[in-house]
């Protein structure tokens, strides 16, 4: 049993509050244990200069933490005047992951801006951001369909993300909180579709190494966790989930 | 009657949710109509270099808006690499206002960091930030007292802020929402204590001017609005409010 | 009597040297006691992108201090690579104030750039900047009329600014020098037209508060000071003053 | 057969020129096909502030490309005034990877600065950087031992990195050049020790996904490639290689 | 005869107004034709970190132009957030030149900050800055002697600077104004002591070249111009000039 | 005899490796003693905005040093987020020098980007950069002619650069290495054409001064050194050298 009473393959409590903020086209608050992220999706009716005229869309993400999302106050990146390497890595990851499940041609020459703002952090903020951002993006695309601006849902499958790791005592564990993450020997983030296809695997030995057997055990845990997350996404999305499911099934054929 | 049905001297609905985020020493979510601001207060056990060795404390504030707090997405200041003049003005204002009601000697060599993050904006974000930040700061100082780090509450009086303005058709109005603010001829922010003392008055003609009579009518409205806001602060603070009240009464003698 | 022998309602010596620098369309050196500011007005034949095509003009201001304008050398903002919050506040204030007395439609699609460079500082630099910038702007607009580029003077009234404050011993005082400003309990900047209309009121308790009675006394002092400043502006402007006066009288009718 | 005549499991030609530059404590030029990277290791006799007094060392890396390392000239990061997200990701990756095979306690309070400067790029610059940087670092540590500053070689095992990917037509391939990388559906970087332990796995579907079977095939290819790279490292290092081997064998027991 | 009526070897009118600004330890306004530069010298009682403990002083310079010093308004470097290459070159040049005539050991562990702010520009701003800065620095060092902080004048000789050039029609000319500078084929700045020793020679063909004969003619003109400038410096400095002269004579022996 | 055995008028060994890097239109590695600089020339088919429509070309240069080009590691300018004054001076110098020997009209609306990256430094990096960049630029222009994009070679003469100086013991010396440069009293860079025309002369007393006689001796040395450098350039350029020679001869007539 883990410090917080969970089994090795157990997720923390996950909630997705839909339409959290009124202005964005899609908005959710995702809660994973004590981690809370506001995920907003905004639609802009043009693409970046390097893509103009191709008839394709684009998805880009920004990520930030409130200074007191963390136990110790962290300095605002706006005050420092630059974005840290960690933030850049995460926002590139979020954008890349979401683009893997969107047919950018069906989106048309539009940009989806994803904003993930962590208001409370307890480990797993980047994976919670991706899981929440998927729902916010789907809501925004649902709105685009409602407004008659696109004819079909451009999303090809559900997408969720989770962290796994190796703990010295517990072995392979799912969904690490901050305390677990700090002492893990191996830390891995897995992004997968509902069909079990991998989108991104990032495993890192923290001043340590790991075997292929450990890699496989971690992937097993992640697959299971992502299945559960997709169920929670479907529930939050209601009828919109059906449109995504239809696309995913076609693909799976 | 105004567009949203309010009378000229009527505030929007105001709520203060206490302990909104777990990590900060003091944390509230303040809601003023559709405007929502997370106000966090952090205690740091040292002061900036220019104040060291004087035995006095310091209070400083930072303010930011989520990109989709607004109807149109605004670019993150962290991405631009610099803070706008508007943000600087607001964070200087918040810090200055709070320092006016804190006995910095009683605080000791500590810094209170105030973070006001607007997650949804509909006018009056700077005044809502001040009203909410006052409560977050009081909670943090209550915690310092509980932890035995300071002996007496350093806050000398309640402090709240509200906007007033002159509308071409309505005349002087209290607590402008975004739509009203956009078309107001005069825009004024007033910061006051519970005793009715002024801490800051900033009145601006927007490509326009105003008379001293109008200034006085606006101040009357503001005084009334601030009285109501202080009542809501007291309710949110519960027993802690009594400590502040005691100090204020002593001062008033 | 004050430290420098003035009465509470007495301005320092004020001089406005016209055509101080040869290149700008309008240029003055304003001297208020020991405070000296070069105010230049430049005309650019286009407006910022967000205003194009509206047929209206724009006025924007920049403010800076030479490193040794102050008793201690201050670091150049260019060397630091960013502008301080104080500078941003002041340049926004100057631009906003001047726009309040200019009919931007009569200006046409032109930008007036105001540059206020403090070469020697002894308190009141922002109010001296506004009072001097008004004259520089009027000179530049006079040149535009002479050149036949605009048909009528777009300025609707004279505009001047002055500081007032509350001193612990002296009570309310007019036109604070640096020493007085450093120890004032309340500091207020007032910007007014010749007709006595308010354009901006910014009153701040410096770790202190003030009453509405004090506010009113300070406004009385300011009104009187601004009347004197306008007389000095008129003298500097000579015949150009008559054009502004004519507009102001029309407005006052 | 691939475009350049290689088999799917075939590396490009790899050369490591030792002591390429005279000033650094360790310096190599690594050539992988047309990709050329100068890898320098510098020893500094102190650690960053956050680590002082712990008796441990630190390893940090910087990565850059000459503007014409690429077919189209890229703008210098120094001219832009900021480092791109891609560069940050790579330099964090290099530092993290090397730290995994160094006993930081044996290093003592010293920092090893790794500088990887790509002078010619044709895909795989980050993995070539790691493979070359390992050799540069070992040379620098060999010098520290020669100088009597450390008693034992702090490196625990050989470390090399290689890219693998999935090509639409070729299937899984090893060591992608730029052209292959541009059209690959999946791109994965693998960092491994000579003992076959994983240090980092980063697999990414490029607007695409991949199965666990594909992941396994790619890992098989990578393992084989890294074995060959380690042989080339050993040859370059000569006698120094024996010291690392001894440590690795002890660990493997 | 030149456009402005001068002979080829004729300086423009030069004036040096002493004690122009009240706060700096040394302050002059230098006027060379239409070029006007405020030169201030500030004494700081410490040296930069890299020089501490050596018992030697340091001299550093900053240079800037008011936006409307020029015929077209130039953007402030503070607004751009960075200093141009031209400004950097000039401020490095001023500091280096002054250091050549100061015995830094006699100065003690102090920094002299030179600020040259061009308020009106008509060519030759960098040479006017050096000529004026020399006087401001001497005044500041005179004050240090008066205050008993240093025992002897650390300046070893007078120093002045002037521009020379080659004009297509006029041949070699002295002290170019802006118009002449814009069309000159060769532009050279010469910095010399009263003893005729060279401190800096910077000659540049502007998309053109020049012969050694032309170089020599230009140096002849410069030598003559600098002699005249030193006389004007001496007059401005009064008795202080004698102390410098004494040092220069000793050196010349 | 100098420390490294050279005579006062003796260059170090100079080598120019042609086509060092594959991607640029022109590329050389120049070696001057222990100083090594990669010089790349890139052709871009447009000019900066301020030159468009004039039918003329432009040449611009960038310069950088690898962190361990020097004996002590220097911080990357990209990491600091800004370019030092020294770098700016050097890149302005390189661009200006090359433009002096190119007929920009014959180049057409194209930009030549020169990148000089010092990989190993031992004094004279800026002069080696210019001498090498001239060859890289000529190679790139040769390619433009081969591709039929320009009809005639726009280069009007050979151009090379060398440092000279005054050593306390040796007197005037040619081509200073780092050690000599550090202790030189006078440091001068000379840029000349094969015809012996001066393009740039920058002589600086390092906390010291120099006489016109010394200036002349240094120029004599430089002239001799540059003759030798031009021979090495001609050898590296092979047949392309003839095209430049033809232009130079025409000019010389």
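Which chain is which? They are A, B, C, D, E and F, in the order written, and residues in each are numbered from 1.
Operating definition for what follows: a contact is a pair of C-beta atoms (placed from the backbone, for glycine too) under 8 Å apart; a residue touches a chain by one contact, two chains touch by 3 or more.
A quick note: this is a predicted structure, and the numbers were derived from the prediction, not measured.
Using the contact threshold fixed earlier, the set of chains in contact with both subunit D and subunit F is empty.
The chain with its Cα centre farthest from the Cα centre of subunit D is C.
Most remote chain with respect to subunit E, judged by CA-atom centres, is A. The distance from the centre of subunit B to the centre of subunit D, with each centre set as the mean of the Cα atoms, comes to 52 Å. Contact with two or more other chains is made by residues 81-82 of subunit D.
Taken together, the touching pairs link the chains into one ring where each has two partners.
The ring sequence of chains is given as B, C, E, F, D, A, with subunit B as the starting point and subunit C next. Within the complex formed with subunit D, the subunit A residues making contact are 82, 85-86, 88-89, 91-92, 96, 99-100, 104, 188, 193, 196-205, 207-212, 215, 219. Of all the residues in subunit D, the ones that touch subunit F in their complex are 21-24, 27, 34, 38, 40, 42, 44, 62, 64, 66-71, 73, 76-79, 81-83, 87, 113, 115, 117, 119-120.
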